[in-house]
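Down below are the structures I want you to see.
Next, two complexes with chain A in common: one pairs it with chain B, the other with chain C.
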Partner chain A sequence: MNREMKKRLRAAGLWVTTFVLMVIMCVPGLWVVLSAFRPNREILAKPPIWVPEDLTLNNFGKIFGFGAEQVAIPVLSYFWNSMVIALTSTVIALIIGMAGGYAFARFRFRFKNAWFLGLMLFRAVPGIALSLPVFMLWSRLGLIDTQMGLIIVYVSLNVPFTIWLIDGFFRQIPMSLSEAAQVDGCTRWQAFWKIEFPLARSGIAAAGVFAFLTSWNEFALASQLTRSTDSKTLPVGLMDFTAQFTIDWAGMCAMAVIIIVPALILTFLVQKHLIAGLTFGGVKG
Partner chain B sequence: MNRFIRRHQGTLTPLLLLSPAILTMLFVVAIPLVFSFYTSLTPYRLTRPESIEIFVGFRNYVRLFGNDDFWAAFLRTILFLAIALNVEFILGLGIALLINKITWGQRTLRTIMMFPMMFSPILVGFQFKFIFNDNIGILNNALQSLGITDQAIPWLVDGKLAMFSIIFAEVWMSTSVFAILLLAGLFAMPRDPLEAAKVDGCNAWQTFRHITLPFIMPFAFIAMTIRSLDVARAYDIVAVMTDGGPAGRTELLWTMIARVGYENARMGQANAMAYISTILSIAFTYYFFTKLVAARRYMGGAE
Partner chain C sequence: MAGISLQNVVKNYGRLEVVHGINLEIDHNEFVVLVGPSGCGKSTTLRMIAGLEDISDGDISIGDRVVNDLPPRKRNVSMVFQNYALYPHMNVRENLGFGLKIAGQSKEAVEQRVQEAADILGLSELLERIPAELSGGQRQRVAMGRAIVRHPEAFLFDEPLSNLDAKLRVQMRTEIKKLHNKVRTTVVYVTHDQVEAMTLADRIVVMKDGYIEQVGTPMEVFNHPVNTFVASFIGSPPMNLIPATITSGQVEFRDATKIPVPSRLAGSVSDGQEVIFGIRPDDLTPIGHGIHEARETTDIDLTVDLAELLGTETLLYTTFVGQEVQGKMFDPRDVTPGETLTFRLSLDKAHIFDAASGQSVRRH
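For the complex of A and B:
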C-alpha cells in the first residue's frame, strides 16, 4: 500500500512539474497571440481585464490599412520582402549546401576536417559585428536597401549549417546503393539524382526549413542593411511600432502573429526530420 | 566500399563541389572581415569619409583596453553567456529526463518544445518586453491581482532586474535546443547497460552519473556547438527589450558595437570592438567543436 502511494505521488509530481514547465513555455507566446485580438484599450486597462470582453480583428485590419484608424505601416510590402528574401536565399543556400554536403559525405580529401571547421567558424561571426564591414562594402556596391543585398548575406549565413545537416543526411544512405546503380550503367550524376537525392529528400527539406527560418527571423543585419519598403523585412518592421515613449502594443502583437504563423507551420511540418538531421549529422561524424 | 573511396581520392572533385560554398563565405564573410580589420586601424567616422585613409595603428584597441565602459560590457557579456548557457544546459537536461520518463503525450511535448527555438529572437524580445512591462505587463498584473505585491515591480527599469529579465528571455528561447538534443540522446540510448547496472545494484544516481551522462554528452556538445554558432542572436533580444539600458546596465558587447558604430558613427572604434567580439565567438565555437569531435571519437563514430 505504502509503496503504491509513493509511486502515485511520484507520478503526480512528474505531471505537475511537466505541466508548470509547459505553461512557462506556452503562456508568453499565447498571451501575445491573445493580445493581438484585443483592442489597445483593454490591454492598457487598469485594473487589468483578465477575461477578454471584446475580441476583434481590428488590429490586423489596422496594420493592413483597412478600417477607420489607419496605421501607416506597410506590412504587406514587409511581408513580400521577407518572403522573397527568405525563399530566394533558401533555394540558393540549398543548392550550394547540397553540393558541399555531398562533398563532405562522399569524398575523402586533404584537410577535410579543417575545411568543415573553417566553414563553421565563419558562421560564428556575430551578425552585428559582421554588419559593420558589410554595411560599408554594400554602400560602395550600391547594395544597401536592396533585396539582393540581404539575399547574398543570408545565403552565406545559411550555407555552413545547411552543409552540416545535408552532410548528415547523405551519410545515412549506404554508399553501396549508388555504387550498384553505377555498376548498372548510371553515371555518378544520374546515380545521385535517381538514388541518393530521393532518399535524402525529406532531410534536405528540413535543412531548407531551417535556412528559411534563419532568414525569416534575422534582425541584426537586416536592421542595418535596409532602409525603406524596398527591402525592409518583417522583424525590422516590428520596430516601427515603437516610438520614443509610446508603443502600439496591439498593433505589435498583431504583427508578431504574422511573423509567428509561418514559422509555426513550417516547424510543425518538419520537426521529426530536423531532430534526426541534427543528431545524426552531429554524432556519427 | 573502400575501393570506391580510393578511386576518388583526388581532391579536385570535392573541392569543385565545395567551391560555391567557399566563394560565398569568402565574399560575404572573409573579405568584409579583412576590411573590418583595416577599418579598425583607422579613425574612420561615417560623417567624415576621408578619415578611412588615415592609419593610426592599434590606437583604437589601446583606447578600448583603457575604457572602463568597454570592460564592463565585455565582462557583462561573458557573465551573461556563462549564466545563460549553464542554466540552459541544466534546465534542458532536467526537461529531457522528465519527458523521457513520461509515456503519454511525449510527442506533443516534444513538438511544443520545438517552438521557442523557431521564434525570431526579435519576437522573443518583444514578447518579454510586453510581459515584463511594469505598467501593463501580465507578470506585474498577475502579481498584483494575486496580492503578492501592491507595487509595480520595475522589471526593465531597475538595472539588476533588467539583467535578470534579458537572461530569462534568452533562457526561454534557447533551453529547448538542449532539451531536444539531449532527449534525442536519451531515446538513442541502448537499454542493456542500464539493465546490467540495475542487476549489479547501482542506484539511480550512479546509473545516471556513470552510464546515462557519458552517453548523452556528445549530444550536449552538439547543442553547445549549435548554440555557439549564434550566441550573438541575444543581441536582438537585448536591442528590443532594453537596448542596453537602464543607464547602460544591460549593455553587452553587441549593443555597444551598434551604438558606437551606427548611432555615434565611429566606425573605426566599432570595428575594433566587433573584431574582439568575433574572436570571442570563434574561440567559443572552436572549443565546443573540438569537444564534439573528441566525443565522436569516443563514441566510435567512423571519420
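For the complex of A and C:
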C-alpha cells in the first residue's frame, strides 16, 4: 500500500512538473494568440486585465482591410512573399541536402572531411555577421528587394544542416540494400528512389521542416535585404506596426498569429513522417 | 546453360591489389564454394561476379556472355547477403516479388512465382510480415526466397549463415543443400567456415591472400592438399605439420626419431630434402583405437598432455619434437594426462610437403 502511494505521488509529481514546464513554454505564445483577439485598450490596460472581457476579430479585420478601423499594411503580399521564399528555398535546400547527404554517406572522395567541416563551420557564423557583405554584394547584383535574393540566402543558410541531417540518415541504411536492389534488377537511380529514399524519408522530412521554419521566421537578414511588397516577408512586415510614437500591439499580435498558423499546420502535416517508425530489422541477425 | 568463367581476374583498390589474376571455371548447375580466411578476397571475387565491383583486369563470363561491363541488373544472377539485406519497409511478399515487379512482370505472374518460392521455403504463413517481425532463420529464408523467385542463371551467397547461431546454422546448411537439389542452378557460395565448404560443395576453391590455392572436390582437397596452407585450413582439428629431413629414405625428425617415407611418396623425395611431414589426428591413433585398417603403418610412443572427450572419440594432445601434436582415440577408454601410449601412424594417409615451398611433394 505504501509503495503504491509512493508510486502515485511520484507520478503526480512528474505530471505537475511537466505541466509547469509546458505552461512556461506555452504562455507567451498563448498570450500572443489571446492578444490577437483583444482590443489595444485592453492589452495596454493598467493594472492588466487577465481575463479578457472583450474578444473581437477587429484586429484581423483591420489588417485585411475590413471594418471601420484600417491599417494600410499589405499583409497578403507579405504572406505571398513568405510562402514563395520559404517553400522555394526549402525545396532547393532539400534537393541539395539529399544529393550532398547521399554523396557524403556513400562515396569516397578527396578532402571529404574537410568539406564536411567547412560546411559545419559555415553554419557557426551568425547570419547577421554576413548581412553587410551580402548587402553589398546583392546591391551590385541587383538582388536587393527581390524574392530571389532572399531565397539564395536561405538556401545557403539551410544547406549545411540539411546535408548533415540527411547524411546521418543515409548512413544508417546499409549499402547492401541498394546493392540487393541493383542485383534484383534496379538501376542505381531506381534503387535510390525505391529503397534508400523511402527509408531516409523521416530524416528528409525533418530537414524540410527545419529549413522551412528557419526561412519562414528569419528576420535579421530579411530586414536588411527587403524594402517593399516585392519581397518583404511576414516577420519584417511586423515592423510596419511600429509608428514613430505608438506600437499597435493588437495588430501585431494578429499578424503574429498569421505567421504562426502555417508553421503549426506544416509541422502537424509532416509529423507522422518525423516519427522514425521503421526499424532496420531486415538487415540484422 | 550458364556456367561462370573467371579468366585472369584482377582487383585493385587504388594501388592495393587484393585479387591477383585468378582463373576459375564453374560448370552449369555446379555448387562451388569459395573458402579461405577472412580478408583473402572471397567477397571481392563474388561481388565482381555480381557486378557490384568493377574488375580491374581479366574477363568474367556468365553463360557465353562476357559480363565485364554489364551492371548487376543485366547479369541475371541473384545474391544472398551476409546481413540478408531485406528491404525493411516491405513485407515478405513485396520483398520476394520486388525483382519481378521491377522486371515488369504482370501481377498474376509475380503472385504465382512468389507463392511458388514461398512454398519451397515454407514462408507462406509469413508473407504479410515485415522483416523486423521475423526471426534470424526466417529472414535467412526470405533472403533465399528472394534469390530463387527470379529463376536466375546463378545464385551468389556471401557468408549467408554467419549471422545465425550454431544450431540454426547447421539446419540452414542442410536446407541450402536441399534447395540446390530442388532448384538446380549454378551456385557460388562464399564462407570462411571449412565445414560449410566440405558439406555443401561440389567443388571447393581454397583462397588465400587473393590467390587460389587449390580447386577440387571436397574429398580431393581433404585427401590431397597441394600445400601446407590447404592442409591446415581444411579439416578439423587441423592436420599436424612437423618439420623433418629426408635421410636415407626415411623421415628424420629434429629429435632424431625416424619413420619410413610412405611408399607412395618414396619416389617424390630426395635425400637431404627439408620437408614438412603432415598427418591428420584421425590417422594418429593409439593402437586398437583406430578407425580404419591402414596397410602401411608405423608406431611411436607419445605422452598424453591432455585428453578432450568428444563422446564417440577422444582428442589427445601430445608433445612431439617440441610441438603440440594431436591424435584421436576412437572407441575411447579413460586416459589420464601423463600416460604414455603407443600411437599407430597411418603412413598411407600421411603427407609430405617441401619445407621451402610448402608444396606437396606428390606429383599431380
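By our rule, the second predicted complex is superposed on the first by the 248 of 285 C-alpha atoms of A that agree within 3 Å, B and C clash if a C-alpha of one lies under 4 Å from a C-alpha of the other, contacts with A are read in each partner's own complex, and residues count from 1 in each chain.
We take it that contacts are C-beta pairs under 8 Å (C-beta built on N, C-alpha and C of every residue); 3 or more make two chains touch, one makes a residue touch a chain.
Just so it is clear, the structure is predicted and the values come from calculations on it, not from any experiment.
Asks: Who contacts more of chain A, chain B or chain C?
Replies: For chain A, the partner with the higher number of touched residues is B.
Asks: Have a look at where A:Phe161 lands relative to chain B and chain C in the superposition and call it first, second, both or neither.
Replies: first
Asks: Where does A:Leu199 make contact in the superposed view: on chain B (first), on chain C (second), on both, or on neither?
Replies: second
Asks: For A:Pro126, select first, second, both or neither according to whether it touches chain B, chain C, the two together, or no partner.
Replies: It touches chain B, and chain C stays clear.
Asks: For A:Pro47, select first, second, both or neither according to whether it touches chain B, chain C, the two together, or no partner.
Replies: first
Asks: Looking at A:Ser89 after the superposition, I want to know if it touches chain B, chain C, both of them or none. Which is it: first, second, both, neither?
Replies: Touch status of A:Ser89: no partner.
Asks: I'd like to know which partner A:Ser176 touches here: chain B for first, chain C for second, both or neither.
Replies: In the superposition, A:Ser176 touches chain B and chain C alike.
Asks: Of the two partner chains, chain B (first) and chain C (second), which one does A:Gly29 touch, if any: first, second, both, or neither?
Replies: Only chain B is touched by A:Gly29; chain C is not.
Asks: Please indicate which partner A:Cys186 is in contact with in the superposed arrangement: first for chain B, second for chain C, both, or neither.
Replies: A:Cys186: touches chain C, not chain B.
Asks: For chain A, which residues belong to both interfaces, chain B and chain C?
Replies: Overlap of chain B and chain C footprints on chain A: residues 176, 179, 278-279, 282-285.
Asks: Under the touch definition given earlier, write down the residues of chain A that touch chain B in their complex.
Replies: Listed in rising order, the residues of chain A that touch chain B are 14-15, 17-18, 21-22, 24-29, 31-32, 35, 43-44, 46-48, 50, 95-97, 99-100, 102-104, 106-110, 112-113, 115, 117, 119-130, 132-134, 136-137, 152-153, 155-156, 159-161, 163, 175-176, 179, 213, 216-220, 223-224, 235, 238-239, 242, 249, 252-253, 256, 259-260, 263-264, 266-268, 271, 274-275, 278-279, 282-285.
Asks: Would you pull the chain A residues touching chain C in the complex into a rising list?
Replies: Listed in rising order, the residues of chain A that touch chain C are 174, 176-177, 179-188, 190, 194-195, 198-199, 278-285.
Asks: Given the complex with chain A, which residues does chain B contribute to the contact?
Replies: Going through chain B, the ones touching chain A are 1, 4-5, 8-11, 13-15, 17-18, 20-22, 24-25, 27-33, 35-36, 39, 95, 98-99, 101-102, 109-123, 126-128, 130-131, 135-136, 138, 141, 144-145, 172, 176, 180-181, 184-185, 188, 218-219, 221-222, 225-226, 228-233, 235-236, 239-240, 254, 257-258, 261-262, 267, 270-271, 273-275, 277-278, 281-282, 284-286, 289, 292-293, 296-297, 299, 301-303.
Asks: Quick one: in the complex, what on chain C touches chain A?
Replies: Residues in contact with chain A: 50-52, 71-73, 75, 77-79, 81-89, 95, 98-99, 102-103, 130-134, 136, 139, 146, 150, 163-164.
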